[in-house]
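In structure tokens below, several structures.
Paired with subunit B in one complex and with subunit C in the other, subunit A is shared by the two complexes that follow.
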Partner chain A sequence: MNSALKEFNKQKSAYIFIAPSFIIFTVFLIIPVFASLYWSLTEYNILQPPKFVGFQNYINILFHDPRFWKAMANTVIFVAGTVPTSIAISLLLAIAIDQNIRFKNWFKTFFFIPSITSIIAISVIWKWLYASGKYGLFNHLLTSIGLPSVNWLGVTWTLPSIILMSVWGGLGYNMILFLAGLQGIPHVFYEAAEVDGASEWDKFRNVTLPLLRPTMLFVTIMSVISAFQVFEQVYIMTYNSEGAVGGTLDCALTIVAYLYETGFQRFSMGYASALAYLIFFILFIVTIVNMKIVEKKVEY
Partner chain B sequence: MHGRDIPIAIAKALVFSLMIFTVFCLAGCGKVPEEKKILMWLVGSEKQAQKITELGLDFYKQTGVKVSCEAISWGEAHSKYLTSVVGEVTPDIGTMGLTWGTEFGNLGAMVDLNREFPDDLSELTSSIFPGLAGSIRYNDSIFAVPFDMSEYIMFYRCDIIKEPPRTWKALTSLLSELNSSGRSMIIDWGGMGWIGYSPFLWQNGGDYYDKDMTSATLDSDKALEAMKFFTSLYKSYEVPVENRPVEQSFKIGEYPIFISGNWKMKSLSDIAPELKGKWAIATLPAGPTGKKTGFIGGRVMGIFSLSKHKKEAWEFIKYLSRPDIQIKLYEDTLESHDTYLPPNIKTWNLLPMEDSFKRPLLDQAMDSKGPPSVLGWDDSTRFIDTAIQLVVLKNKDAGAALKDADNELERRIRR
Partner chain C sequence: MDIAEIKRLEAEGPGRPASKKRQQQVLKAFVYIFLMVGSFVMIVPFVWMIVTSFKPLEEINTYPPSFFIRKPTIAAYIELFSIIPMGRYFLNSLIVTCSITLANIFFCSLAGYAFAKHRFFGRDKLFLLLVGSMMIPWQVNLIPSFVIVKKFGWLNSFYGLIIPAMSGAFGIFLMRQFIMNIPDDLIDAAKIDGCSEFTIYRRVILPLIQPALASLAIFTFMGQWNNFVWPLVIVYSSKMRTIPIALSVLNGQFGTNFAMVMAGAVVATLPVLIVFIAFQKYFIKGIALTGLKA
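== the complex of A and B ==
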């Protein structure tokens, strides 16, 4: 006991410096995380004290809530639509820029600009581009080459439209990560491959890809997690005059948008907390599976 | 002094200065006699809040009560009010969405004006448009009174359409004519949703609930007929199901007629000033009952139960309801991008507005209804939206869709 106190005295200033961020972290993260775990087992509308209901919220979500499954399906489509496309295109861009081309830095900046732009601003502008009939830029281009106009933000197209925009918006960030990864591959491997008479494709398949796996793992996991939590784009593109989010007939309702509606529009905090924990568990499992798949093949 | 002691010295200095500061503050509060001060939250623009604070200076001269008004945005307004109620940090006066007064009032967070100031209130509500008056009354309680209003109105290009349609029949024959040249109409405010459907429901003699608000009536024949007519506009007369830029399409004449809120008058003259004189407004086409009932919304203001100056707050609400003050608010919005229509019929007689606009607006406002005053209404609306969207987009049978919505409404009244 005495020695512990002595130890504390010795490190006093260190603890004092740690204290502010530790307190903030505890108050705004640790406590809410456990509080919402408890609330997920209650019925709670902010106004009345929470009422314990056991696993009822989870049962209702999983077995009696078609909107949850609709949101889940939309989210999976969004993840499947954005992550592989974005990784493929940004890898391609990274490789292209990694060659000794002119205006290299200019291209890097050019593709990275969307990443430093607020996704809200991007969504607002793209909403104009997507305007229906003959009014948006995209439809103007389509009709001017004789194609029929597309109802970009209608029931069928809203989700693909959001996917398209999100892929565009996320390219730069992944590209920079891949570029860093590419630059970390020692040149000797390529030289050795060339000596063996490997073609460009062989070099890509057998040198670049395997050695890029750590970057690939990181990019995949981060992309899946952030794609799973897509919200801002959906909010801006689909909110209507009454503040409802998700679009006509929930065509673009994603899981976090649904969480927002339940928690912050209907104030069913218990239900929303249960949703949040389900999202957490799903992401946890997806990440583990992801790591197992990619990790196995990391070889040096 | 060791390096390690420096943070402690800083912390000590901080604590000490904080103590001194607190002591000064307490001493300061003790000396000055407390001035009566009202805080008002306004859901809306910063500019309008400033104007109200300005009007508050005039009120201060008359009464010695200070008023300050803060703007809060629509997006966060509902949760901000709710959390302020829970945290017991409500303002004195809140300006909010039409149905919220009843909602917060039933939580005990707002003063029942009908009980607290019955005489003043009945005088004030007697000159409120009847549609608004119906929406603020919940059983015998009134928790908030109208601050302004927004109403449904029909806009048309008078150089393309000679006579605005006066009946449903005239509307569909006009639309057929427009359709033949690839044109149609837009239902802008609340299209493909309950707000868009409501006027047609009411014009056909139907309603969402029965008279005592105890049972949903969306399964009635009148609701069904109205639904069939409303959805046929989308399915047979090319009213677009998705949002169109209203002003632009009006300008190029693709949609030379649209139904929206009165605020479009402002945006039309801002976005398409060259159209001046080429467009006009008219009341909605009347349904089979001969009624042209429109939808009316708006903001209401009420007093929170925790306010320490309820009487003074009520005086300020009365002040803001005075015709001369409402005209000042109206004139101010002509310069900014806000829209403000006075909810007080008496004010309209004095309103400096072109007669060609004033007449239809007044005429429509006299025959308009607001959202039903039922707890659980806000939770129910999305089922009506879904019913409409299923009928239009997925060809669901209108009767079946309404039956489903009716069940959901029914289930939510009793909560």
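== the complex of A and C ==
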């Protein structure tokens, strides 16, 4: 009896310990996940109670909404433009820093500073670098080497400009992950390769890359997921006096920017919830596919 | 001749050491050039931010743009704190960020301790739910969270800004992983001495997970200081704005006064930069650990 009571008391304190976290978790995560699943099947503008419409929102999004497809296309371009570039450069950086060199920590710090800076601050800084006309630093650089200046934040260039800035901003974080991966590779493998007379390139190709695969998988998945959700950069770079997000002709409208506009500027909460679930679904598929691809290559 | 030497000679063969050494020197030179050019590219935008923030307006609009300031001035900073209530925004950000950080340290470590060292009904299922929830993109719970906060009457208030972020799956997960490594013997010894569960948490667990707590605190502080979407959605009056929101409004309203916008960016960047430089060790270690364990 006594021991049963003790057991209960032990359990009780555990429940008390997790209680604060689980109240927050339930109210702001579990309930919302189901609420938005239900709302995605309704018409809902906050003021009136949600009106059930079945799959109408999803049908409208997928078949009658050119802006959704525009946003989708822009988002895919953004992901394709940032992720491979960022991974390639940050892997090179990590390998370079992993060599036996001086000032390691300085280099690490320099590359990492953008990752700790608010993306809002970065975006306003880059907006100034991209400034049109001759006062912008980038245009000054271009014209001083005889190239024509570019309307960086015009219809054609806004998305590439945001991509360039995002690659720059994300290098440090990926670099740290790759560094951790590199340091996890046992030195014996390199020594063995050296004994076999392998060149630096051979070692990279046949030791580093294969053993870095788990890190690569993690970095790829995380990068694709976060790139797919790009929003702040778009918000700052394309914000205009009417409060619209996405730029002229939706030139840089991404999927999350579109969700923000739908939900919090037009208050079509049902439609926005359906968009949110589509994002969820797409990211889920991306994760699974990514894992399958990398799993296949790991056979040896 | 020992075995290592034989191996080395076998590997190198006649005539190779010299060329290999040269190859490595060239490679190293490339590495330095690559890293220096890279660092330069990383730093220039920040230097440009600082330079611009100390320039008088007429120098910003002179051609060609220059990194040299002829008449440095703090006019932009004075404007920043007088035309808009930047001091208030700074205070808002500080209150929100510090409260959330403290709450996370406490609640996540408490829950992490329960998950790591207690047996209770439903533990493993709950933990799985928690870990699974990390896969859910924030867009999915953004809208209902907004509606719930609105129902509570917490829009545009510190409650709304702070309470939803007081604990998180990632933090609990991180804490659990660390607490699992603490030997059970220590906890049992404390129990034999008659310590209550909370005393064990406070006197045994907390002191032993200080590095993990530091990582969590820094992650939370930086994430929250830079958090944009949630305040953007729930704050509608000027006086409740946090720094990132203030910066975005500054960008919208005073977008052409680049000195003032850059001064705002400096004010937004400085606190995280200080925290980062002070705790860099914990931060980078934390990413490396969690990044690969998560």
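Going forward, the second predicted complex is superposed on the first by the 288 of 300 C-alpha atoms of A that agree within 3 Å, B and C clash if a C-alpha of one lies under 4 Å from a C-alpha of the other, contacts with A are read in each partner's own complex, and residues count from 1 in each chain.
One rule holds in what follows: a residue touches a chain if its C-beta (ideal position, glycine included) is under 8 Å from a C-beta of that chain, and two chains touch if they have at least 3 such contacts.
All values reported here derive from a predicted model rather than from experimental measurement.
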- Query: Is A:L249 in contact with subunit B, with subunit C, with both, or with neither (first, second, both, neither)?
  - Reply: first
- Query: Which partner does A:K108 reach: the first (subunit B), the second (subunit C), both, or neither?
  - Reply: second
- Now for A:Y135: first (subunit B), second (subunit C), both, or neither, which partner does it touch? both
- Item | Residue contacts with subunit A in the superposition, subunit B compared against subunit C | C
- Classify the contacts of A:F17 with the two partner chains as first (subunit B alone), second (subunit C alone), both, or neither. both
- Message: Let me test your reading of the model: by the given contact rule, A:F264 touches which partner, first (subunit B), second (subunit C), both or neither?
- Response: both
- Task: Examine A:G154 and indicate which partner it touches, taking first as subunit B and second as subunit C; both and neither are also allowed.
- Result: first
- Which of subunit B and subunit C A:E43 touches, first, second, both or neither: neither
- Using the superposition on A, tell me which residues of subunit A are in contact with subunit B and, in the other complex, with subunit C. 13, 17, 46, 131, 134-135, 241, 264
- Message: Which residues of subunit C touch subunit A once you look at their complex with the stated criterion?
- Response: 7, 10-11, 13, 23-24, 27-28, 31-32, 34-35, 38-39, 41-43, 45-46, 48-49, 52, 60-61, 63-65, 107-108, 110-111, 113-115, 118-121, 123, 126, 130, 133, 135-148, 150, 163-164, 166-167, 169, 172, 197-198, 201, 222, 225-226, 228-229, 232-233, 243-244, 247-248, 250-252, 255, 258, 261-262, 264-265, 268-269, 272-273, 276-277, 280, 283-284, 287-289, 291-292
- Note on the structure: The subunit A residues in contact with subunit B across the complex are 12-13, 16-17, 46-47, 131-135, 151, 153-155, 240-244, 248-249, 264-267
- The answer for subunit A against subunit C in the complex is residues 10-11, 13-15, 17-18, 20-22, 24-25, 27-33, 35-36, 39, 46, 92-93, 96-97, 99, 101, 105-114, 116-129, 131, 134-137, 140, 144, 168, 171-173, 176-177, 179-181, 184, 194-197, 200, 214-215, 218, 225, 229, 231-232, 235-236, 239, 241, 256, 259-260, 263-264, 269, 272-273, 275-277, 279-280, 283-284, 287
- So, in the complex, the side of subunit B touching subunit A is made of residues 3-4, 6-8, 11, 74-75, 78-79, 82-83, 85-86, 107, 189-190, 192-193, 195, 240-245, 248-249, 254, 379, 381-382, 385-386, 389-390, 393-394
